[in-house]
Each structure stands twice: as C-alpha cells, then as structure tokens.
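Take a look at these structures.
In the two complexes that follow, chain A is the common piece, with chain B as its partner first and chain C second.
Coming up: the complex of A and B.
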C-alpha cells in the first residue's frame, strides 16, 4: 500500500480498534469488499473538499477505503472503478443519534458515567433504518446510552454501513462522555431546585475525576520513587555485602564472647505506596477533566447553562459540548470564548414538546452561528435519516448553507477528534462520501451514490 | 446577543435595499396601500413561473400581474431578488382556537361554528405567518363524530368562509370511552341515521352544497369505510387524518374526493410521502394539513419537501400548498394564486418556496405587510 503518512497514522489510531482501515482481506466488516484492486475514482463537476472549499471538475482517488488523492488533473488509474456525478461531498454525520442502539439502552435512566454505549449497540438491529440513513447520505452516527439520564456514560461514533459484527460498526468506541441536566422524564421535568443541584453534582463529579487522576498520577510518581529507592538500597547492599557479612560475623562473635544477645541490625525500609481505590466512573470523569475526551451535556435552560459554565470554568482542559441548548443564545458569548460547540436539533416541535424545549425555535442554529458559536446539527435520536431534511429547516431559518454543511461534517469530526479520519475529502481520510445530482441539502437533490470506506453501498441501481 | 449577519447573499441585500425604500408604504397597515413588487421568479400558482414578474396590488387586491405589468406613476416598486408566491394554505389546523376546537362530551355538534372560536391575534397564528401560511382551514380537533363547521381563516385577519366543511369522523378518532358511541359500529349506526334522513347541515352535505372533511382514521379498513360512506351518501370534500390514503388513491379518485396530507414525521413519514406520490399519480387533488397533535407550522413545507425528495415535482407541491388547497377549501376565488382580482396574500422567499432552506423574507396579507424576517438588514435596524 502506498499511503501517505497521515493515512498510516490514522490506520494506527483508529484501525487498531475497528479494523476498518485495514486492507479488504482483513476487513471482516466488508459485506461487499472493494474489487478491481480496491481502487475507486470519483469524478465530479463540483467537489466539496470541505464546506466552503470547492474544487471544480475534480477527481478523487480511493485506495483500500482511504482517500489518497484529490485534484483537478488526476488521471484515473487503470482498473479503477470510475463513478461520475455532479456534486460530491463528505458523508453526513449525526452527532446526536440512536441508530444501532438497543432502544432500552437509549431510554435507560440508570446509566452511569462508566456505562459504555458500545454495550448497547446491536449490529443486527434496524437494517432497514440504517439503509434509509445511508440513502439519505448519513454515514456516521454518534450514539450514547441513557439519552435523558443524568449520566449517559461513554458514547461512540458508529458507521451506518452494513456490518457483519460490532467491530465493523465502530468508528470510535469512546467518542465522549455524556451527561443530561434538567431533562424531562416521562413528560415531567425535574423541579427547579433539583435541576440546579444536578448541575453542582456534575461539576462535583468532574472535580472528583480530576482528583482521581491526580491521585493516580501521584501514586505513579510515588511508586516510581519507591522503586528507585528500593533499587538503590538493594544495589548498595549488594555492593557492601562482603563487608557487611564480615562485620556481622564479627558482631556475632563479640556478642558470644561477652555473653550478650546478638541483635540484628534493622534496615529501615520505605513503605510501598498504597494502590488507590479503583473507580470506573471516576476514571471516565478523569478522562473528561483532562480533556482526553469531550463531555456532551444535554442541557436546555439558560439558568442551568450559566451554572454549568460558571462551575466548570476552573477546569481548563475540560472540553464541553452542549446538546440541545434551547436557550443557549443567552450564554453565546461564553460559548464563543470557550469554544464550546452546540448540537442543535432542527426539528419542528409543536405544543406537546417537553418543558425544557418550551423556548424551542428553528432559528436557534442560525442565531448561534451568527454570534460565532460553533454549531452542529443532530437528530436527538429522532431518526438520523431525516437529519439532512431537517437541516434544510435550519437553513430556512437563518443558518448559512456552508455552515449547515459544516454542522453535519467537519464540525462533527472536529468535536469528536475524528478530523483526521472523517468529515472532509482530504487525502488520508476514510472515503465516506456522497455523489449527488445537485447541491447538498436541497430537497430536489438526489443522493446517487453513497460510499463508505470506499465501498459503494448505495447506487442508482440499488434503490428499490 | 444578536449580531448582524456577516454572510449575506446578494439576493438578501438587494431585497433589503428595496425594503428601505418601501418602508413608508409597507410598515403601516391599513387598506388602500398600493404597491408593486418585482420578483426574480413569480410563481403564479397554476404551475407557471414568470421571470422578473411584477405584481401590483391596491386596497388589498391584486390589480396587475405579469412580466410587463404597468406600474402606476408614483407607486413604490419593490425589487425582490428572490421568489414570490401566493401565501401558503394549510388544509387543517387548530391555531387560534385554543380549547374551543372540540367538545368531546358531545358526539354530534352539527351546528358548531368554528368561526366563533377564531382568535386572530393568538401567538400560534403569528407562528403560521412566520412560515408563510396566510390562509388555513380552522377545523375541530378529532374526538367527536360530527365536530362542526370548519372555517377558512386568513392568518391574523378575518374568516373568509364560515362553511368550508362539515367535519366528520367516521373512524376511531371520533370515539371516546365515556360517551356514546364507544365503538365503530355505534358510530356507523349514528352517522347512517343522520345522513339517511338528513336535516340541516346533513341535508346540505348530502345535496353536495356543503363539503365534508372526513377523518377516516388510521387503519385501512377505517379509510375504506370513510370512502364508501362518502360514496353512499354522495358526499363531496376531503379525506384527512390518515397516513393510509395513498394506498387507496384509486378508490379516492373514483369517489371524487380530495385529500389533506398528514404531517411528515420520522415514524409515519414514508407512508405519508408514498401516499402523496400515489395521489399525484392518480391525479387526486391534494393539499397539506397541519394540526397534528404535536404540530408545528414548519411541518407544512417540511412535508412538501419530503414528498419532493421522494420524487414529487416541486411545481406540483407548490400547487398543493396554494391553488389546489384553495380549490379544495372552496376559496379559490379569493386566495391561492397570484391573479388579478384575488387577495394580495403574498410571500417573498429567498429561494424556491418549496425548499425548506428558503427563508420567508416578508409576508403580505390583504396587501399589508404582516411579517418581515427580523434579522433582515432593513428598516428595522437602520
């Protein structure tokens, strides 16, 4: 394989867990492995490399499921499968979905910080819905258990491509940690005092996570120091062994002569540092506090968001992501200053909407984006296949078209640390892309081809 | 918090400039305001599109339409760099009739007049305007066998027809467990009795003078029953409330009925969309309903867009949202098209009216500007 370094890096990074970037022979996930030397060329009049960056009359080459070249004057290698279309863009990603998750897992209220979304994923579930999502251009979905629970646990990014097993679905098994604040359960919102104390509890949990990592770091440090001390002591003993033995023998003889009891010299030994208590939940929150993975907080009311922002200001490495954010306009300047993205649900919600959505407005995405907030669009588990259609509503209510496209591609990848693998059509990225007969996010545009890791999963012939 | 949008299309900017010039004419209400609007694309409502078409209106009524429509001297001409269409029409909606749109304690309310329940200043009504909906059929919520007389209301304005439909539930939607009838058989018996020896509104319905809005219910059997009920009694009107109507397209056509398509939702969406396509194929006239229990005015265009995504022609979708809906509601002589003599109920869009990605830039009802996109950089901010 002649892959650029970035590709190799991504193979190591993600391929290690998923096997998706590996060669077709290794890729157990492939139901129809790429043929013809696994080379695919995609040619388009307009190629959206990333939102706002468009190449006219460009070609894109895919080898072993990875984009290897993008440019205007590329020759199509012999033996490559050629796909031609008007417009090509990256596959859409739903950063707030439930596709592939066991329904009971998504509504579970007893999840905790250590619950893993992967444990609730069923690769044999929803084949029809998954195909619909693919046909609509959605190639990746972030899922989590306990979508309205106080702690949703560790979320995962999944591919919507058909897979033979769980491993074949996973793009990232630990994309984030999740929490919910002030969310209605069975139609009833928590009372206002419970809501504010829930914010304090979350801040406390992040703090516990930070202390947990400090404790473990200290343990590692102490253990290292202890090991060093012991090693030094042992070396010294080893070195002084002969003399020490001679001295000891002499002392024993003297004691016998004087009819005294011989007392062994006691060595003072440093006590081995004590292993801290293991705690799975604290361990997840430790990763959150250190910024290793983002924390997606589903939260809607301005009062709770203010408390959350205030409480978490001291965690400099924390990477918050807000999901929902119905009243987020009120804290937009803070969201901009701290680069906190908001996953907006652009669905029309009527009079029966939950209490936390009472200020719901389809203009939210546009207004936040105008204020400089990073905006993502998500289905909130309401059906990933409808997300591209719903995204048009956000556009019709003020969101810039390019920003809407970014909200479904680059911003999602960036937020969940997948920029090197997904979201754009640059060399080194996984070939999850759409071939369209018009501009993306128009109702009149038809998705003609959908490629996932270079495999053609939807084509004009495959439609029923 | 709101900042001026940095990314503005040329189209919006042009439109804004025009609005600045038009502020004196458009910001104040009151009949008699005369105005002309030239749009890059003017959708008449019958499927034709006039490039750079001009519409002139005076005293709330359209007086001229065309590419070279004469603009009287001294009249303000607004240049709109976008699309213009007639205001959208929702075939079933409950906005502005809070708590007064049904009475489940009574099975038959044949003389109930929904026009009395209409509150034009209700916030829900404002929500309709923001989505470009200028006319809607105010219908009773399901829950009774006969819910009363549906009105056709102008959004934020007056009722233009008090007897658009007699609302009838032949299916399970008309039943409740604590008053007669509690079963489908019971409801059939009661409705048969009313329509076989008809008096009052029932007599008018049987004579074909008063159309009916038939809520068939969700199952195929219920819909089938509704269609045969209409045929048996010679009723004219529309079928609503079912996602199964597409499967019955041929029967609906044979019965001479129209259809109000239910809202698109992720769970019922596919059936709704396929139904619309089947109806379109069979040339059954259909419009779009709002007023699902969890309705939102944006659903009207979203449903149309979902149908377009599945293959419905955008021009057919727009017809269903405007002129066809007006015909079905019996008000085609007043609204639904951009034609001389009809009310100046107009929507200025940033793009194709049937693309949910197009913004509603301004809405006129009876010639008065009743809505303008609030962050449009025009007279409001300058």
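Coming up: the complex of A and C.
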C-alpha cells in the first residue's frame, strides 16, 4: 500500500474510538478545512460490506482515502462530499490481467523466476485504457511479465486509478511468483513427456528454493556460533596472555641456551563460515517454499495438475494458486483439502482455442465452487474491462452470485495477502468502491460512481 | 591551398593511401598535418564566437591546433609566420558538435547483450562516407557510441571527422559506456531491466569473490591474471579502496586492480565514476529504469540520456534527476488519442527547454537533416538563434565534458572553424571551408561530390567523362541525375543504420 503509514495508523486509532466525529480529536482537525476529496460519505440502500454481508440503508465514511466508518445511523459530517446510490460494493479486482503492462513484457518467453513485473509496467500508457477498466468497475489488476512463459517471475498488484508515477500505481510490488505448465507456444502444445518433466522441474525449483533458504539460515546460525566461539577464544587468550608471554620468554631463553632457533607456536582457529552465493531466482523460490508469497501456476490439464499436486504435497507451507484450471474438476477434492484457489477465465473461446483449453466450459467456475473449491475470476490478460461481464457469464452458467462477487473481491484480496487493505468495505480498508444502480454483476446493472482511495474517478457526468 | 614543401612527401604518401582505399576524387579532404607550434589564422567578414558578441572583420589565430586569440582585425595581430585563410566575404562559426551517433562504424551493434569490454575504436571506419559528410555539414566533433540495440554496450570515443587512422581522429578516448534501457531484440522491458541489474550484481559478486579469495589466502585471480598475461605492474599492481557514490565492496584495496576481470573492468570504471554513461531510452517508461540504474550504481551525475522522441512524457522525471539529454532527430511528434484519434503535435525541444533540461540535438542523417537543419527547425518553432545554436555547440560540448574546448571560438578552444557563405542555419548558405585544429580540411571549391550533385560537373577520369565527347546533351544530364540519386540513397542508408 502506498498510503502514508502515519495516516493509516492515526485513522485506525481514531476509528477505534466510538463516534469519530464527536470526539475532540475531530474538532481540532476541523480547524484546518477539509480539502476536496479528503472527506467523502457514500449512502446506499444496500451496502455489500463483503459478499453475503449486506447493510440496508447504510452510510460509509471515507477520510484521506481510507474507509473510517460503516453503519446505519451515521451522520454525514459537514464539508463531506455526499454520494448517494442504490447499491455499493467493493471495487473489482482482476487477479489475472495485463492492464498497465508493456505488451511485449507480458508475452516475453525469456522471463525467469526473478523477472519483476514492475519492470514491465508502463506508467505512460494512455489513460483511456485504464479509464475503460475503471468505468467497468475494475479498480485493481494483478499483472506479471511472461504470462505464458515457464517462469513468469514476480507479479504485482496495480491500481487502475490514474497516478502521477509508477509508485502511485503499485498496490503490492511482489504479489506472487508465477509459472506456466503445458502452455501452447505459437499454437502448438508442448510434447506430452515434456509437459510432465516441466512439472518435475518446477517441483525441483521449489525444492531448490527451500534448500537455498536453509543454506542461508544455516549460514546465519553458523556465523553466530563462530562469532561466539571467537569471542570466547579471544577472552580466553587475553586472560592467558600473561602466562603465554611468560612461557614464550622462557622458551626463547631455553632456545638461546641450547643455541637453537626459536619457533613461534602455530595459532589455529575455526574458519569463518563461508557466505553463500546470492541467487535471485532461488531467492524468489525460497519465498515461495516458505509460503511468504503464493505461486500462481497457469495449468490446465488434469494429468499435469495431479503430478503438480503430488510433487508439491511435501511443501507444507507452499501456497499454490491455479490459473486456468480447465480440467480442475478432476482434482477438486485435493484443491479443497489443500485450500488451493483456482482463477477461472469464464470467457467464450472460439473454435481455434489452444490445445490446453479444449475442455473449456463456461460452467467451470460454478462447478468448482459447488465442489467447495475457492474460485477467483480473471481475464487472463484478455482485457480487464470485460471481467465484470465475464463474471455475469459465469453466474449464468451456475456460479452463485455472492461467490462471483467474492471471486472478484475478497477472494482475490485474501489470495494475494491484501485482505487488510482491499476487497471489502470495512473500516481501515482503502476506499476502492463502486456505486451501482442495481445488484452487482447483473447484466442490467450499470456502474454510476467509481472511487479509488476515496477519489471519485467515474461519475454519471464523467461517463462518455 | 597553400602547401608547405616540407610536408609534400607526407601528403603524397597519404594521398596515395587514399587512392588505394578507393577514395577517388576526394582531393578536398586535405590532409595537411598541424604540428605543435604551427600557426594558422583566419580573417573573416564576421566572426561568431558564440561566446559573446559577433566580431566584424575578425581574426582567429590558431597555434598548435588551439585558438590563441580571437578579435577584431584592428586588435589582433596575425603572426608573421602564420598561414592565413583570408576570406572577408565569409562568416566564421565554431564547428558543430554531434553529442551522440552510431554512424561511422563498421557495424553499429553487437550480438552480445552485455559487452562493456568492447570499444568503438575497433569499429570506427576512418574512411566512412559519414565522416566526409560531417565536414560538408559543419560537424567537427563527433561522439561515436555503440548503437541502441544492446543491454550494456561498448565504450565510445570522441573523434574529429578527419584522419586516416582512428588514432589520428581521436579527441577523447573514453567518452562513455553505452547502456540501453530499451529492450534489445528478443527481450522485453522486464527482461532487459533484469539483465541490466544482473550485470551490476555480477560485478559486485565478482569483486566480493576477489576480496574473499585474498582473505582466504587463495590467490587464484592473481595466478589467472599472470597466466592470461594481464599487466599487474604500476597502478595495476596496486589495490585501491572502492570509490563510489552507489555501493562499495569492502576490502577491495586488498585486490590489485590488474586482477579485476577485464570483462568487468569497464563496469567498475563506470561505478567508480571514471567513465560517463550514455543510456538510451526507447519509451518514456525506460527513463525511470535508466535513472534508477544510474543512481543505484552511483553514476547518475555522469549520465546522459539518449532519448527517443516519445520520451518527452518523462520530462518531469528527467528534470528531477538533473541529467542532460540528447534528443532524437524527430523534433515534432504526433500523439494520437486512442479513442478519439485526435492528433496533437508536440515540439519536443520546447518541452525540454521549458523544464530547464540541458539538451543536445542530433542529426537524422549525415547530409540533408544534419545538425544545422535540426537547429533551424528549432528556430522555426520559436527558439532564439542563441538557443538553437547552443543545442548544437555549447550544450553538446558541455555534455561531452569539452566545455570551452569545442563548440565556441574562444582562446583555449580547439581551432575548429567553419566559414560559411551566410547564415549556417539557412538552406541557401554553404559551408565553404572547414578548419580543424588549425588545418584546412575542407574546401567546397574542390568538393567534387557536391559539384557533381549540384552542378552536374562530371569528375575527370570517370567513365562517363571518358565517353563524353560523343554523348548528347540529354543523356549527359540523365547520367548526372542518376549519380545524384545514388548519393541520396547512400545518405539514406547511413541514417537507417543508426
């Protein structure tokens, strides 16, 4: 999050006290007049705090871009901009997009585990592209370089709100690591044996990452031990120095007496532990193996998914995320057991679909959700502005509406460790929200207002 | 031209060499050599020093290749033993400075992505047509750098466009290391950035390894250097603590500099601030990477950005970083709104001028759209004459670290003088003479190519000349036109290779 920490902390602190605007803290703050956009109130007949949790006739208060209060009987403070609408929900997040990226970077096949998506982000992209996504209600997109490469590198979560610079676009600069298995290149699927060995290679890389972190942990441990040993040795040597000096003098005298050459005693000590070699790719895989960030694997075929699940079972902390998952129903039990989410792309595909999509079915999201699998919906880089429409398709093919909303909000935030900042309309979250004229994700509903960090970016009069 | 008999033999030898190299009919490439202490003087109708007021009836005295006096003919005495170019009908200007080009090389790009160990010295072709054209266009100082299709490229050099060997052309041997923030073919912006960072991480690891080896008492790198015959004597035999504004490696003083891998050395020079950097940006998003890379590794102060015309969008970032830039030859860019398809014209030098960013112009090709044309374009878009001239003289000179040495006619500067028939930024004026380091190196009255192209004069000894007596008027005119087209094509190729 790029919000200044102090602001966030103070807001949380104040928000924790009951009745923010009745507190004395407010009167002192009110001496400096609130600037435009600083204080916003949103009032709606239905407010989706999170999927399934709806407040009727509720108000939401935003200060400095952060939601500070949500409730039924909140007063709109003076000077606040008031926005009213039928339905309010959190902004949609595309967990599998490419908006904001340089096109060549997304299709780069030469990426490795350490390639950074941020390096492929183009902050000078014409704002029109981002505005299209915003107008559709998409306020965040997860991007990565090398979307179809064997190793996609470190992905990032970007805001679709206009920003002055790159830093302003970034919500999370290292949202995940990524890999692609069995993906067609230039229309040709990889050989069936190559596909299975690619899975083994990925498992091997995760293992290498785990060993890498062990090597570093061992080094830190050994170094500490060595430092201790040396310190002890030094103390002892200093203590024994007088005796050593006496002995030496004596030996010199003896040597002289016997007309022999005096030899200094050899000093020996343990060698300092060797510094392990830095390896950027292993370092990323180490973070994956330790569960510090999720690993998004774009994979479609059941055989490869079984192999992957089998191979990775030993990594207890690994957080797998499957993208695509065309044949994921076959391994649904395991996905449920290991709480592995699947990012589904519920888009109609033409006859010339790649081989791995041959079993593509718009009902996949619904069926997986019914089986208890955590489902996310993504555009697969095909245009984040279409994502809400794709979600309605998935609903039409059996996905529960609340689950569809979760698939675009809370589940995305949870999967990529942003639950504290995004995905729901609870106090303390960044005010990325939509004001709609109907229930979210219905084909008949239109987006009236879009707010990003409390800024009104789309409004009925700005629409064109 | 006045030719001293003592240098006649030398000249004959060189002319002979020129002939064997196929430079037929290039007698205007005068090859007299100024030796230390030799004197040359120019008397012109007006002397534009570009470092003060223009001087009517001015005199420029050049001794040992450098200007020693500039002033009115009433004030400045021409030494009795100086060779004098007396041209009261012409105007004198300092030679123009090309801040960055990849022309004049055998091949502008390399296939190796990270190759800081290369040097353009090995690729510069002294008889390249490009250098000949530089004289016609008034360019007397050229910074030759590797092309933009690289990750880390060769070390460049500043040359003057005259001389039969690279050594003779030399002005400054290590003008900087070429880096590209825009992707080399086969890479994308993400992998380009990664490779760039990895090059510096590689250097750091290498240096840390060397220190570790020394500390462990394992002199592998020393034995390796001895085996490879690398010099470990003098300065190279000594270790020095690492001096850098970016990162440092502790204990580098333990390692004699001669033991540092030759392939890594130019990068170390860059990090320690001994060579400047020229970073190419092919899109505005590359600017951020370029600045980040330069500041992380401590060479931002010695960095010049070589910009594609689209980079005007990143002007704020550039201004904040305080670096100078070399602009692309496209001065007016059309931006199209992806939705409305409305077009907006951006005059790029204007953007940089408004932000207070020092910028140098660069030629599109070696002839018709050379530096003078670019400066004239700036005047057409509202620049003052002084601003336009500065962008092809003083500013590039300053960027090259040659402030006061080239790009002005002032005492202490190199004796590089253009003598023009009028305003050098006008299409109707010609550069009649070019003096470099006090040597007359170009004389338009002897420039056979120009005469051939503009006046249809068929050079003596050429085939069409041999047939001439029987040829009818129409045919001869046609032959002349074809030759003209060829010259045009050649110029076009030259522009394309950049």
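Observations on the structure shown:
One rule holds in what follows: the second predicted complex is superposed on the first by the 423 of 464 C-alpha atoms of A that agree within 3 Å, B and C clash if a C-alpha of one lies under 4 Å from a C-alpha of the other, contacts with A are read in each partner's own complex, and residues count from 1 in each chain.
In this section, a contact is a pair of C-beta atoms (placed from the backbone, for glycine too) under 8 Å apart; a residue touches a chain by one contact, two chains touch by 3 or more.
Computed from a predicted model, the values in this text were never measured in an experiment.
In the superposition on chain A, A:444 makes contact with chain B only, while chain C stays out of contact range. Applying the stated contact rule after C-alpha superposition, one finds that A:277 touches chain C and leaves chain B untouched. Of the two partner chains placed around the shared chain by superposition, chain C is the only one that A:153 touches, whereas chain B remains out of contact.
In the superposed pair of complexes, A:187 makes contact with neither chain B nor chain C. Contacts of A:352 after superposition: chain B is touched, whereas chain C is not reached.
Using the contact criterion defined above for the overlaid structures, shared-chain residue A:393 touches chain B, although it does not reach chain C.
Once the two complexes are overlaid on the shared chain, A:105 sits against chain C while remaining clear of chain B. Touching chain A in their complex are the following residues of chain C: 183, 186-194, 198, 201, 205, 208, 212, 283-285, 288-289, 313-314, 317, 337-339.
Every residue of chain B that touches chain A in the complex is listed here, in rising order: 1-7, 266-267, 269, 292-299, 301-302, 305-306, 308-309, 314, 352, 354-360, 375. Those residues of chain A whose C-beta lies close enough to touch chain C in the complex are 102, 104-105, 107-108, 110-112, 114-117, 119-124, 126, 128-129, 145-146, 153, 165-166, 275, 277-278, 280. If you check the complex, the residues on chain A that touch chain B are 329-330, 332-333, 348-353, 362, 367, 370-372, 382-383, 385-386, 389-390, 392-393, 395-398, 400-404, 441-444, 446.
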